[in-house]
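In the two complexes that follow, subunit A is the common piece, with subunit B as its partner first and subunit C second.
Our next item is the complex of A and B:
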């Protein structure tokens, strides 16, 4: 059967058949691993979310939506859900505002490439290492302050208990924005670099301010890239775990529930718990994670959809 | 500042209020100066933080907290400048963890690319029907948080005695890295020219041989990028290592660092703690200094296209 990629000529018919024969040996190893280790476990998680199960030694017992009802009335889950949403929304808004600001300034600035490279580096540092690093920088201890409070006190301000349960979520949001901004600045700047310079020159001639150039040139012409970047952000932020675990807690066991995220919730109810694990509840929370990311991604795509601009 | 109305449309030009600045001399509005100052400040803080990390790894806790910007002195005066590193290395079991991580990361990254490259090739170059759908099916895996697979995966692996086992960890790492790698490599294979492949076919080379001797070498840049990005990702991976490895002898560096964190902060061993962080971070810094461009373009590739 001739395919659409038929390259013409006598050799191609038989060749195409041989090419197609290669498809399964090439594709099968990867897709098998993918299905066994990712697709099946995801489905299993969905199924286990409807059961009550304490893990090894116990048999899962079907309980319908009982886990989800219990999640709704659980303080730990409520904190986890709202904090995760906060990281996605507040962290996202912060990161993208910062990235936009940088695109306004960085476009024709000397040393722009160097700046991008420096800001990108935290993105390839292990979140555990980042968390431990921040936990020392943000220590509150009168007379022996961490770097952040040292700086605050040296300009005459009061030291802040950054890592206290009621502050820590905002503090982690800040750390997250700081650490990820380089990635999004790089993505957006790559798109900005593709915009023909004459558009900016025209705007300059018309006397446009940096904000007007951003609003009427940069933003419309990078819109699609911003949409993809938004999806990447959502996917990344929904699973935030190590940074919170290390910064908000004592290290080996879970932080106070006020600081939890969905990732922490799943871990605490299954592998990290001090008492009896609740695998069923953990799976239900994991399902919420995947629902949350799906809903937000679809919503974002809807919101960002528009006709492509040719330039 | 601006005297034009807020809508600057590009097409119909307005007569300029100001003469166009001479090429090279840009008009510096106060807003722009402010923006540039902010950008430089932000960058300077990043560099300062990196300096703080590296210098603190050689300091005593008192030096870290009372003289955060001073150069390390105490351990140098005592003739034992690497004291913190030695402490972390011995107490966190980093010696063995380092070895485990290097081998595990190297083998996993190579196998990931070996499995992903043919798959990506099959999805882009073999003219199979439904290839786009299958590409999407695999790519969706990038959006699945590990937390949603980790519980059944752990149960399943425990059934076959592959938990707390480095071979089991290797399998998990390879499988869970596939979506990103396949997706990345489809991009590279798509960008290769058709002509060489056709020429090889006309010369009678089998499709397998065309792949091995023509297309794979052509995609070398992509394969190396995939290798490096996976190595970075796995070097830093912690959640799965926490779940699947619970014996010190099997710990990876990130896993060992996680365990070391609470022990060392309990003893106020902040110097050792930061040295531990540095042991995990510095190899990445060296890699980054060598390969920054490749790493940055590789990681941001998916979004730009």
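Our next item is the complex of A and C:
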């Protein structure tokens, strides 16, 4: 039909115009909310990190890098930083090892879906409640032990002082792995489910062991998902707070500084002080958290960079 | 931080009250009901006393409370408010905010004009969080307000040692709080388990008591080792007797840290703590538990002695009543004996009171209410309902608190808990310098000498970078 392309052209042009008209109504609310509730507070945090501010009728006073100098020389901050790194690395390694182990066995296990659901349960419980739960399970009390020590003693082993200051960081790491692996198993298993079954059938015919199947089929084909999960873990682990606060201390006051994380540090300087809050110090520590997570995520992305395998 | 203790304590009493109906057996040695306090219902039902000082113009005021409405102190204050409104027609807008109100509510509100007229907390915290940024006004005039008992004024009924102290004075040298509750601390024991105990006169006497308890097959001392400041009491109690009230705070502020070594007192005190730590007196597991598990083991009779504040009886009473038993502890207590060579008689206290904000719109009504709170028919609820002490010497207190009351009313030097060390540099000094070393000392990991050397070194390092 003569002129039909012309009409079509006009139509698509009109469509484009309409699309353009709709761009800002869709774009602006989201960006406004994002700017108001994320970008501005982040910038304010960075700015306040260079001030001394009690937030009690005073105005922030510019102090330059004084907060950062104090952070670097503070034992509390040093412990917080190192413990946070430990939780990210040791907790991450443990969580992902456990998650990989489950992806190896869950795929062809009967009732795998049910087990996946059960493994996810710790994630729907508030970390504070988990901390309280573990502090009861791990009680050391001769003659009336908590569940963990009761089990140890019933098989003839000595009870362990799990909550002693010297042990508590490792205990928290263990609890963390227990609590978070279900989440990463769920993510990784979703990726595993995408892998065409015939690849595994091929591997079976070739007589591959579960480890070989994992190494040569599962791992390469879920690599991108593992990368994303690693980033999620890092972001989550930098913020670790509740479990440490509840398990390493009495729960009502900050624990001893040897157990602190960056999250505990920020909280303590904002709300745990004996006097007015030190928002400047808290903001400086929060900036360190942002930097730490940025550096780690960039490193992780570099490390995980591979060509995507199409399948 | 100690406010939360009061919370626990207050909750303790609440539940004790709830269970009182089920079983309130008498303790064998104490003379008071073992698991509940008598006289709670009578107090709450009693008629309102007259108001001594009525506000001339104010018809309302706002009060932000450190208590919650359902805990015993909350109930006592609710009654005071109800009576005050009934007698004066002044409407009280009260918000029950709980212990964190200073950092979470009052301090942020100072940025605005919407401040409460009246609020309360212990003097250490109020001074550090609200007085320091200039958020309060002096309440010296309240001392001359009549309290509704004839011509009696506030200053006639409350002990000067509870308010006329440097820790209760702002930069202008004027007091900023009128206290209505006093915390003290003591060594607690169960009179049913340890019969005919004579309060120790020397530290050797004290250690002899511990040794005897061990010989009798009990642990000597219960100690909730996960609370840093509970662990600190041993050193601060003893050291304060060498250096006097205010002496520890002064030493801690020394920029070189050498003050800890210049005076031999702190080392002697630390040596006594080392003896306590290395003598195997603490109950097995004290450093691997969660508060309040270890003090509960004391209540169960696993250990002979417990050093905590005057909230000890109510907290352990709550625990025992929840266990479903009918028999409580026959509470006995004594103070630390004077260590050899120590020249200062010191008693530790912590007053909790009312303060009025600088921007208050109705200060007159708020101040009149403070005076009314100190009327004996109102204030008697603090011992009778909340199981706590007050700055008034003439109010009856539960038997368990009589010894602590006597200590607080003695002519000894009055120091604030831990000599106020925990409020130094907004708590950073204790967190970074003192608590780690003190915990190691109490666990027997370091010697007294290493403790003092460590304090001096860490403190010098600390003040170099901390404003």
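FYI, the second predicted complex is superposed on the first by the 273 of 311 C-alpha atoms of A that agree within 3 Å, B and C clash if a C-alpha of one lies under 4 Å from a C-alpha of the other, contacts with A are read in each partner's own complex, and residues count from 1 in each chain.
Going forward, a contact is a pair of C-beta atoms (placed from the backbone, for glycine too) under 8 Å apart; a residue touches a chain by one contact, two chains touch by 3 or more.
For clarity, every value in this text was computed on a predicted model and none was experimentally measured.
Of the two partner chains placed by superposition, only subunit C is touched by A:165; subunit B is not.
In the superposition on chain A, A:256 contacts subunit C only, with no contact to subunit B.
Touch criterion met: A:56 reaches subunit B and subunit C at once.
Put simply, more of the residues of subunit A are touched by B, taking subunit B and subunit C as the two choices.
When both complexes are overlaid on chain A, the residue A:141 reaches subunit B and subunit C alike. Using the contact criterion defined above for the overlaid structures, shared-chain residue A:209 touches subunit B, although it does not reach subunit C. With both structures placed on the common chain, the touch criterion links A:69 to subunit C but leaves subunit B unconnected. Put simply, subunit A uses residues 55-56, 135, 139, 141, 250-252, 270-271 to touch subunit B in one complex and subunit C in the other. Only residues 1, 4, 100, 103-104, 107-108, 110-111, 124-125, 128-130, 132-135, 224, 226-229, 284-285, 287-291, 293, 297, 422-423, 426-428, 431-432, 435-436, 439, 458, 461, 464-467 of subunit C touch subunit A when the two sit together in their complex. Considering their complex, residues 3-7, 9, 11-12, 15-16, 18-23, 25-27, 29-31, 33-34, 36-42, 44-45, 48, 55-56, 101-102, 104-106, 108-109, 115-129, 132-133, 135-137, 139, 141, 144-147, 150, 183, 186-187, 190-191, 199, 202-213, 216-217, 225, 228-229, 232, 235, 238-239, 241-242, 246, 250-252, 262-263, 266-267, 270-271, 279, 282-283, 286-287, 289-290, 293-294, 297 of subunit A touch subunit B. Within the complex formed with subunit A, the residues of subunit B that make contact are 1-4, 6-10, 13-14, 16-18, 20-21, 26-27, 29, 31-32, 35-36, 38-40, 42-43, 46-47, 49-50, 52-53, 56, 61-62, 64-66, 68, 115-116, 118-119, 121-123, 126-129, 134, 138, 141-156, 158, 171-172, 174-176, 178-179, 182, 194, 198, 201-202, 204, 206-208, 211, 232, 235-239, 242-243, 254, 257-259, 261-262, 265, 270, 273-274, 276-277, 280-281, 284-285, 287-288, 292, 295-296, 299-300, 302-304. In the complex of the two chains, the subunit A residues touching subunit C come out as 52, 54-58, 66, 69-70, 73-76, 135, 139-142, 161-165, 167, 249-258, 268, 270-278.
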